[in-house]
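So that you can tell them apart, the chains are marked A, B and C in the order they are listed, and the count of residues begins at 1 in each.
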Amino acid sequence: MSNSETMVDTAPAPATPESEVKVAAGAHLTLVERLIMPTILIVVLFGLPWFHPGYRLLSLATSTGVSAIALYGLAILVGQAGIMSVGHAALMGVGAYTGAILSRDLGMNLWTALPFAAIFSALAAGLVGLPSLRVGGHHFVIITFAFCGLLAIVLTNGGAFTGAASGLDIGAIAPLFGVSFGKLQNVYLLVAFFVLASIALTWLVMVSRYGRTLRSIRENEKLASALGIDVRFHKIVAFMLSGAFAGVAGILQVYFLQHISPELFGAFPSVYIALMVMLGGPRMLYGPLAGALIVTFLPEVLNLDPIDARIAYGIGLIAVILLLPGGVMAGLASLYRTLRSKVARA
Amino acid sequence: MEIFLQQLVNSLSVASVIILIGIGITLIFGLTGIINFAHGEFLMIGGMTTWLVVSNGGGFIIGLVAAVLFVGLLGFVLERGLFRLTLDRPMNGFIISLGLIVVLQHFVIRFWNSYQKSIPEPLSGVWEIGGVQIIVMRAVVVLITAVVVAITFFGISRSRYGLALRASVADQETASLMGVPVRRYITGVFIYGSMLAGLGGALMIALFPITPFIGSTIVVRGFAVALIGGLGNVAGAVVAGLVLGLMDGLSAGYGLPEWTEAYSFALMILILLLRPNGLLGGTAGPRAV
Amino acid sequence: MSALEISGLRKTFGGVVALDGVDLSIDLDEILGIVGPNGSGKTTLFNVVTGALKPTAGSVRWRGENIAGLPAHQIARKGLVRTFQQAMSFPALSVRENILIAHEHGAASVNGKSMSPSDILHFVGLKGREEEIAGSMPFGNLRRLGVALALAARPALLLLDEPAAGLNDGETEQLAEIILQLPGRGIGVCLIDHDMNLIASICRRLVVLNFGVKIAEGPPNKVLNDKKVVEVYLGAPT
């Protein structure tokens, strides 16, 4: 028996001093603290139109909301299951084109086409997820990128069916229960409703048995399967769930813009989606929303021209990843905990 | 047949640029696990450097040398300043490289707008060999690449440093236990890979006009080449680069140019699924996320 | 017939033979120790039995059913649960979440009376640490958590891969006490370890592997004095 190996095997590991043992994040929050964020969210989200924000701001808020829905889908995949994908714009594209083509060829409206957009995107996501069962983290990220590039090419070369490079047009959102969506305000409120639903659904995933299962896969695949978890099955399900979010975001996007073209769903938008999630904090409930808000509204607030805004965004992102690897919201949460324990001690 | 041969020669010059990018990626990714998606932007910066030098009255050779040195320096600064800090969390390194794409691209657009840039052909003229017309500049690009590939290959397979490098690619921990200064090798490889990207950019702008957006198409080919050839495997990258380059050139020459990019995507997905270690074998890469 | 019957089990990696026709049987009322030098095939045996690796040849019969080659999670659901030397826990999650995950999955049918997550934490001595983040705990507690997770998965047979590695004498003793109680609770135990004191004190039966072959089997005092075993551990007499 080789001596060096024995030494490695039996050498006591460095013990963690008792004082450095960390405690779970949300462990001791009071009910009031738990309700602060949802209350602010609902008030701001649905109160915005009553502040007469103007067309430009409302339109920005609507498109931010649309992105946020897709971001929540990706956050479940990255934050909970621990699988990175840079192909998410392609999944949005599947939803968007499903909506546009069903409207053109079958005369379906947003409401009837919505389930199909979600289902087709989920199926596409399951397909993109299949290679993750065979190849590990790094290789897989590149595969998702390649899938995304492939889809953009297919859409561009799809001829009349996909409208080729110039894309497809679509009519307005059909009225529902007597509510017309001719006014931007109502489109905004509709998107706000879906954002809230996405956050609620993500919360349900996070606190449920299913969320724990996904986190176990993220943390330790080997141990998860040794405890009876079907890792491969759950990875694909996580992908499909994530894809359904992207499909809903996609069809809302096409009805909001009333026009789509392939470049909306290519490699670059995909990269942006991944970056927004990482910026906000993929494991935090409000991380994706924060990421979307920062990227869309910070340039407006700072009054930067689009090019400078992109540069500032890139630099800001790099700084966040280096300084707060868990994203902005994780940084804020830990700041809050520190302050709270100082106040409690004082 | 003549047309076929002509297309073949033309494709070789495209393949050359892809090979230069692919070798940089295969070494950097294979050794450090850094997925530097901004590697394509490094090439773009190389091309833009050459364009700046040439359009300010410098010669192409000066432009080429400037591109290699400047991008090498850029690689050094970014490795020490950013990527080094993420070596234990490779996924963060990847995210940072995505941020870098945005920064580098828009930096160039901000100062030199987003239109395509070109330089006058450094070498004009056409050789005719047995009815096949060969554009001289393209032949020179292939030649330069061949020399660089040969130097890289022998440097890695014959020299003491190359041996230590391959040992580090195969198993960083053991290599560093045996006294290989792995961290310095990582910096060295990053700089070398960056210089190859700078060279690729200079050669590319000698062949075609380039835009600030060229990076994302190129980097995907580069990763395709690195993964198809097997990580850390220079010979594999050359073979894979030739295959992709020829596929590109021939599909463009035989009437399906709009699907050109799709082939490399599809081939890459297929190979990664069927043979995760690449066609010619390489390391499986450093540990996953 | 024993609960687990392994016969002619063979595993090769390329040209390297890691297991060369191993026969082994384990009952659910015993603690079996498997020892052998590094590279003798102990961990490979665990990996093949629990589905982490597919065997090259041979059969693994669990309660009469051949489970060789089944995926790991299906084997775990049948009540064959293992621990790992290194990957003991879900590091970024709290102890509570760790144990809940194991409890919510694991074996489908309950074998005997099963313990609740809080009973298990009490049993392994982690009561009161539910909110601690697993990865930030001291090593000794991490080992306990590893055992706790496996127990929460309701095993009928528990396979422990070097459970005492990295523990000090006091911690090892506490672990031995925990393991010794398991057969009484209807859980069979099979463990690999280098710590001969631990093995000799809790196992009534030992199996010695060398180069993927079983070279001895029997009570500890007899096996550890076996000429072949002494040769393997001390080198051949010169």
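Points to keep in mind about this one:
We take it that contacts are C-beta pairs under 8 Å (C-beta built on N, C-alpha and C of every residue); 3 or more make two chains touch, one makes a residue touch a chain.
These figures come from a predicted structure and were not determined experimentally.
Distance from the centre of subunit A peaks at C, each centre being the average of the chain's Cα atoms.
Averaging Cα coordinates per chain and for the whole protein, the chain whose average falls nearest the overall one is A. Between subunit A and subunit B the centroid-to-centroid distance comes to 32 Å (mean Cα coordinates, whole Å). With centres set at the average Cα position, the gap from subunit A to subunit C is 40 Å. Taking each chain's centre as the mean of its C-alpha atoms, subunit B lies 49 Å from subunit C.
The residues of subunit C lying in touch with subunit A in their complex are 37-38, 50-52, 71-73, 76-77, 81-84, 87-94, 96-97, 100-102, 104-108, 131-133, 136-140, 149-150, 153, 162, 165-168, 194-195, 233.
Taken together, the subunit A residues at the contact with subunit C in this complex read 1-2, 5-6, 9-18, 20-24, 27, 209, 212-213, 215-216, 219-220, 222-231.
Residues 82, 84, 86, 131, 134-139, 141-143, 145-147, 149-150, 153-154, 156-157, 267-268, 271, 274-275, 278, 307-308, 310-311, 313-315, 317-318, 321-322, 325 of subunit A are the ones that touch subunit B when the two sit in their complex. Contact residues of subunit B toward subunit A in the complex are 29, 33, 35, 37, 82, 85-86, 89-92, 94-96, 98-103, 105-107, 109-110, 216, 220, 223-224, 227, 258-259, 261-262, 265-266, 268-269, 272-273, 276, 284-285, 288-289.
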